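Okay, handing you the structure first.
Note that the chains are named A, B and C in the order they appear, and that numbering of residues resets to 1 at the start of each chain.
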């Protein structure tokens, strides 16, 4: 299966390890992966700020990639959701859109979890990012009365030694929200700080999510408040061999 | 064009094709269980007495603790005459200490009791006395609001219709629940 | 801009210790709502049915309004139509004058708040007393409701106690909610006795029966309606449902969504006036036809004003209702507000992280986050631009569109010293009230993913 990997701008710049781990995880499960050089950004930063029209042309490299690969995969639920709900939605059919996938969703729905092998012997708190949960339906949001499922929990259950904690209000927004983080900094930081308290009460060492943007915001708050908690993107957990028995 | 015409005109111009009136096809348990009603009623702050026709007045007397009782229930009117005068609604001598009425029916899912002018005789009587005692026949329970409104639609038309689910309450100060905001402070139901 | 949501919410967070308390108080309602949801097996179907009923009703709204009027007239009600807020105020005042009414008791009505009825009537020499406890509290404090269902949720009991002590001579320092409620009951009873007329809002208008339905927990609407000879119900034109069968769906949803009660304590159906009573219904537009005419935004008219979107909104809970500077706050308020002034309310659709929780609690399934997103696109076009934001977006979008520029920025970014990236010149590094950093920019790694990948290819 040929997978085109889209590494969003901020992951490329600030968290390259997340891109590397995503690539390696996809290879581990047997995909042939090409990194998509052309697309730099899904356009969400502008669109969420009300300037969708400045992102005209952003769709082109994605449309081109869709013709060349079986799946377009990205380690960002938020970008994936923007691609499928906004940027590409008016341009391509449903079937085509379903070839754009966030990493967790892709592993869960397409490749299956059998070949995943990782080890991370720590207590990890799960932050359910809004776009993953409510945009991509990676699990059941707490507002709805629907049978419980969680693709993220299933995927993470393959990691040896990982003790996953889903604290109360795990699906409350962390406060990032794109330009909201800056234009409404007071509320944004307050939300992040409350998320931190919830995680800290749950006694976790790490906080994970399907979105590096949430984690970047949380990391910034953790650091300002001298919290010992660290952040790890889900791809980093899935590619970790810490404490494992040498599973190369 | 007057405002009515202007409003209707604007709406008509923009309305588009009419959508069909949806079928209301919802799941619910149609058995109206007495135990379930008692549970929802108590949760609403209502005191529930399980009685029989014969001991209704006994329960009323006991619960009323000597206050002036008035009733709109035909079979109780002789014992508890109704002297409330709508034209002097706030006259203290006029207001019953305890008002006894019979509900047309009750709804199990939310403990709502249905009254119309027929059961209340004066609309204000459902609100102004501090204590209310409501008679409710076990045979007059429906499971949900769907059945309740079906029954209302089949029944006689009314001038005023009221669902009452518990004593008057408020939580407007720091979310602290306080009974008896404006209406009755206490509500008892005799399920017979 | 001083009065924007960002500034007002900052004040709410930094100058008061109430943020956490406010957050918890509203979350309590959300949690109660979840419990009620769990008692209904096909809750999600109930919501979609409600949405479909509203869409059907809206698609035939003109017909239903006419049916409603005919039935109401036949029942002996008097029906008036108000194009805008001014007309509602004038009709109300003229009804009061015709009936020699000087003082009015009024139950909760966001519509009359929206139309500025109280200040107008007061200016015209009428006494108006809000009888819902929460509304009475904010009225005495000369404030506005901060929430559409729990209007005084922004106040602590000590503040209510101080207000009551000052205005109603309650014991100083006694902040027991039971005591304060009893005091308000006693005072309001006098207002009920004194009043000449009663005004209410309307939760539902039933087209096929001509009834207006008013839901309260306190019974305050009924105390006025059944004791006065002049009664006025103010109804937004979107409040209609076709018949009782449909009303059942909404009475099951409203209180469960709003406060987590299975139903409001009182659900009053006013159909025919008592003898010798003049009972009026004013059907009010006030921009609703504008919302109706916009195909993208029409779904906002499904709203039954339950407030569930406010209770769940992580931003609303932490910023308080007044930070929205519009009658209806929170997600639905931010969707409606630009219809009442694009320029002055252009910040509100941005006062959200678009997390989508509101969509999921909305009993009529309004795509609130989607509509906020749509407003953002429209407002940047149709209102004066925030120049610095627009410029940064233009710069950003051109960089992210061009590999050449992106490459140059990648290099330049790595020359910027960490001390600068983590300084106050980077807006990311927000500061708290104490001047301490509240959020820190991450360290920039030496190489990007792209650079690493290039090496790996070799």
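Here, a residue touches a chain if its C-beta (ideal position, glycine included) is under 8 Å from a C-beta of that chain, and two chains touch if they have at least 3 such contacts.
Per UniProt, the chains are A = (Fe-S)-binding protein; B = LUD domain-containing protein; C = Lactate utilization protein.
Please read all numbers here as calculations on a predicted model, not as lab measurements.
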Geometric centre: closest chain by C-alpha means: C
Most distant chain from chain C by Cα centroid: A
Chains most often in contact, by C-beta pairs: B-C
Centroid spacing, where centroids are CA-atom means, of chain B and chain C in whole angstrom: 29
Euclidean distance of C-alpha centroids - chain A vs chain B, Å: 52
Computed distance of Cα centres, chain C from chain A, in Å: 32
Multi-chain contact sites of chain C, meaning residues that touch two or more partners: 40
Residues on chain A engaged by chain C in the complex (per definition of touch): 7, 9, 11-17, 19-20, 23, 35, 37-38, 40-41, 43, 45-55, 57-58, 86, 130, 134-135, 141-146, 171-173, 175-194, 216-217, 219-221, 223-225
Of all residues in chain B, those that touch chain C in their complex: 2-4, 6-8, 10-22, 24-28, 40, 43-44, 86, 89-90, 107, 109-112, 122-124, 126-128, 144-146, 148-150, 152-153, 157-176, 178, 180-184
In the complex, chain C residues that touch chain B: 25, 28-29, 39-42, 45-46, 49, 52-53, 55-56, 58-62, 65-66, 75, 81-83, 87, 131-134, 137, 150-153, 155-157, 160, 177-178, 180-182, 184-185, 188-189, 192-193, 209, 211, 217-220, 222-223, 225-227, 237, 242-249, 251-252, 259, 261-274, 283, 285, 289, 292-293, 295
Complex contacts: residues of chain C adjacent to chain A: 5-6, 9-10, 13-14, 19, 23, 34, 37-38, 40, 43-44, 312, 314-315, 318-319, 350-357, 359-361, 373, 376-377, 379-381, 389-390, 393-394, 396-397, 400-401, 403, 406, 410, 413, 427-430, 432, 436-442, 444-445, 447-453
